């Protein structure tokens, strides 16, 4: 029993280190990529190529005065950042990084991740409501309606996928996609399950963007309208933890997309050895596109965002679901 | 009585202070708080040619809670003074103030006998750390101000000081 | 053509003032200095219809009409019927004559025709009816003139200070204002 | 506009788009009475950067006020120099030599392009796009280098004098501006692809913040705001001054009157300004840049004078009242954004906050010019 315990503790430490390291160095990636997109260099002076910049930010954020302004609901104010970070880190548990590199081989891994995904929205709401700031309350109202609107298409596309591969266990799902890249769900399912799978992939990617309040859908921190949205009253590490939570969510989203559609740790060509390297390559490619989208597109108008989901994404994912069901029924 | 011999301290706190100072100096997040013409030069300093991002200072945070440096860029009128004061008070503790431009230093071109509307200089109600003269000062002057502030925080200067004049 | 139409329309409102031709000693206080006063020694009051069409190249406007402060609203109504738009409202403090002059500038989109309406009120109790009902833009211009000169625009919806701090009771652009 | 009666059944709260807000680009405070996301009543509060230029004008000589005109609207400062110089020259009757007039038009148009570029960047920043600002700044830096080589300043110019300009332009200014125009022409399609044809932005600007012609007349709005609502009013054509009649350029006018129209008006205006600069550089005559008999101490005759100029944001007018001495008796600055902003509270009633900010962005506000 003990080596199972040791294995779990080792995995837990690994996951937290992975989440924290990712949060720090994704900030660096974002600032460097933003810099180069905007024809400037980005952090360069702090360490070689600015690599120590996240460290400097981390040290500064930690050493800032933790301000709990009066008139604020102290419990909610303090709990909120954790409620955004902890679910994100928890849902790393079921992500299969490699062949045996999954912390817990949970049968309902996908369901658990979606359960945690909806908790972090609660964290944002509590944070904004707790900080008794008009801008934050407006941001809270937006974040709730945005996340409800975008969770439904995400679940529908996932259900269609689960129906096609009839397993909720991420490990099994990835092993089903063995063989070359034509075995990945993105391509295999278009022929075997439903021709709409590439569109389902795009819908899943957009909803993932909206779930983590990124890029064209960043309603939580609508910088130029709601000052700093939900994070207006947070200073120092409170804001730092929110930041880490946001980046952890992005990593989860990217990891999920790779496992479901792009065949997690499967190598693109059959003779190449599988391994965690492929998983990381695919994941960081998706993260790069997320960062790239953020620095090119302006923010959508709030109601256009809701219309996009209710009137466009949900019908298409429903059609995808029905087509998959019909297709599986026939063959 | 003779001086008593002190043991060397077990826990050296000075290095920790040094690490904190370097961390703070290298990620000074300024507040988007432009009053007048100097704000445009501040934006130009953040833009591609005179990139502030190299020093980790390009994250212009709109909310006072998350920034460390308040760059007072422009003229402070008497109607605006209470707002600037509250903004300063809302900033968490290790905070600094840069008075950018003559208006923020001493009222600049708008201070003359018989003026009724402006506060002559940010240091009348704010503890100013760095003064950047110029009307408006060039973006390089703002970057020099940031380097000066970094030297004030950490005590060591990043780039050799250019002997001017 | 538009200049003639508007000139004809406004002539009914123009005020006839005694024009003091002499530049030196304006014996009767009511007289008012003529723009290009001829430096003759003789001083006599000549009733003159205060409606000039100065040459545009020198002065920058085409029609200059002096109106009694009560008729300002009527003049504005005339001008908006002819599709003029309000450019600016300026206050001038003639401290020597103890009067505050309010100058309205109107211009037209299609044809170049800048009309200037002037009116004078007493300096100690400046009262001018508001035209913000007709020209909504005048609302802010009048609040600003009230800030700087203390001209009380009767009928103005909200004469609180616009550019000065909320509790400002001083009027900075008056000549006798000390900081 | 006072707070007209709002029925209390509506649960409204007052939100301060406070003096320090990323979208106001300066210190404008808008008191918004909001019902949830919808704006019930908006009341801009001004005066946070009131620096009383007009009071300073009254105790400075005529020439000493010129630096102030550069600090009014620091994005298109040369048009303000031009307005003040024009008013004084009209009052004093000074003849400006031909070459100086051409230099004036060329530098004013360069400054107009720089102002529109910065507006374009800041406007898309309001809508959430961060990158176009940096591209626009990159181009703007090229203009600032050109103007700095001639005027010595980057932003707050004091380049014009009564009767001409302070410094003659040299050859590398001419080649530099030609190169700049070639470069900007090649980059304009990129700006249009990145922003004007971007579906997200079109959805955010189409039919948002409609401003009717009648509302423009009641408020006295001028410049791109007016030309976005279909009125062909541009002081350069309507009241020709300096050598503008010699250039053939047309005035972009859009009739929809929504934010997209005002956006497109400014983008096309950049193209027109480039045409003017090219023609100006081609026809640049030789000769002095300063009037021979410009008086050292200006003493215009008694009376008042008005001069209007097409600044980047509208018709900037100056009313000088002089009593014959060497200091102005009264100096009124008619600021275009003052009138453009006055229609904001009526135009944005019932809109949601992001659209109201898009509308405020298209009004192209420079707050020190409003507060003077």
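Per-chain numbering from 1; labels A, B, C and D assigned in written order.
Following the convention adopted for this analysis, contacts are C-beta pairs under 8 Å (C-beta built on N, C-alpha and C of every residue); 3 or more make two chains touch, one makes a residue touch a chain.
Because the structure is predicted, anything quoted here is derived from the model rather than measured.
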item: Centroid-based (C-alpha) most distant chain relative to chain C; value: A
item: Chain pair, B-C or A-B, that carries the greater number of C-beta contacts; value: A-B
item: Separation of chain B from chain C, taking each centre as the mean of its C-alpha atoms, in whole Å; value: 48
item: Distance between the centres, which are taken as Cα means, of chain C and chain A, whole angstrom; value: 66
item: Separation of mean Cα positions, chain B and chain A [Å, integer]; value: 36
item: Centre distance in Å when chain B and chain D are each reduced to the mean of their C-alpha atoms; value: 31
item: Residue numbers of chain D (touch at least two other chains); value: 21-22, 47, 50, 52, 55, 134, 138, 371
item: Where chain C touches two or more other chains, by residue; value: 164-165, 172
item: Sequence positions of chain B contacting 2 or more other chains; value: 47-49, 62, 79, 114-117
item: Chain D residues within the chain A interface of the complex; value: 13, 15, 21-23, 36-37, 124-131, 134-135, 138, 194-195, 198, 200-201, 203-204, 352-355, 357
item: Complex contact set, residues of chain B against chain C; value: 78-79, 113-117
item: Complex interface listing, chain B residues touching chain A; value: 19-20, 22-27, 47-49, 51, 53-56, 58-59, 61-63, 65-66, 68, 92-94, 158
item: Contact set on chain A toward chain D in their complex; value: 34, 37-40, 134-135, 138, 141, 216, 218, 222-227, 295-304
item: Of all residues in chain D, those that touch chain B in their complex; value: 18-22, 25-27, 47-52, 55-56, 59, 67-68, 71, 74-75, 118, 133-134, 137-138, 140-141, 144, 154-156, 367-368, 371
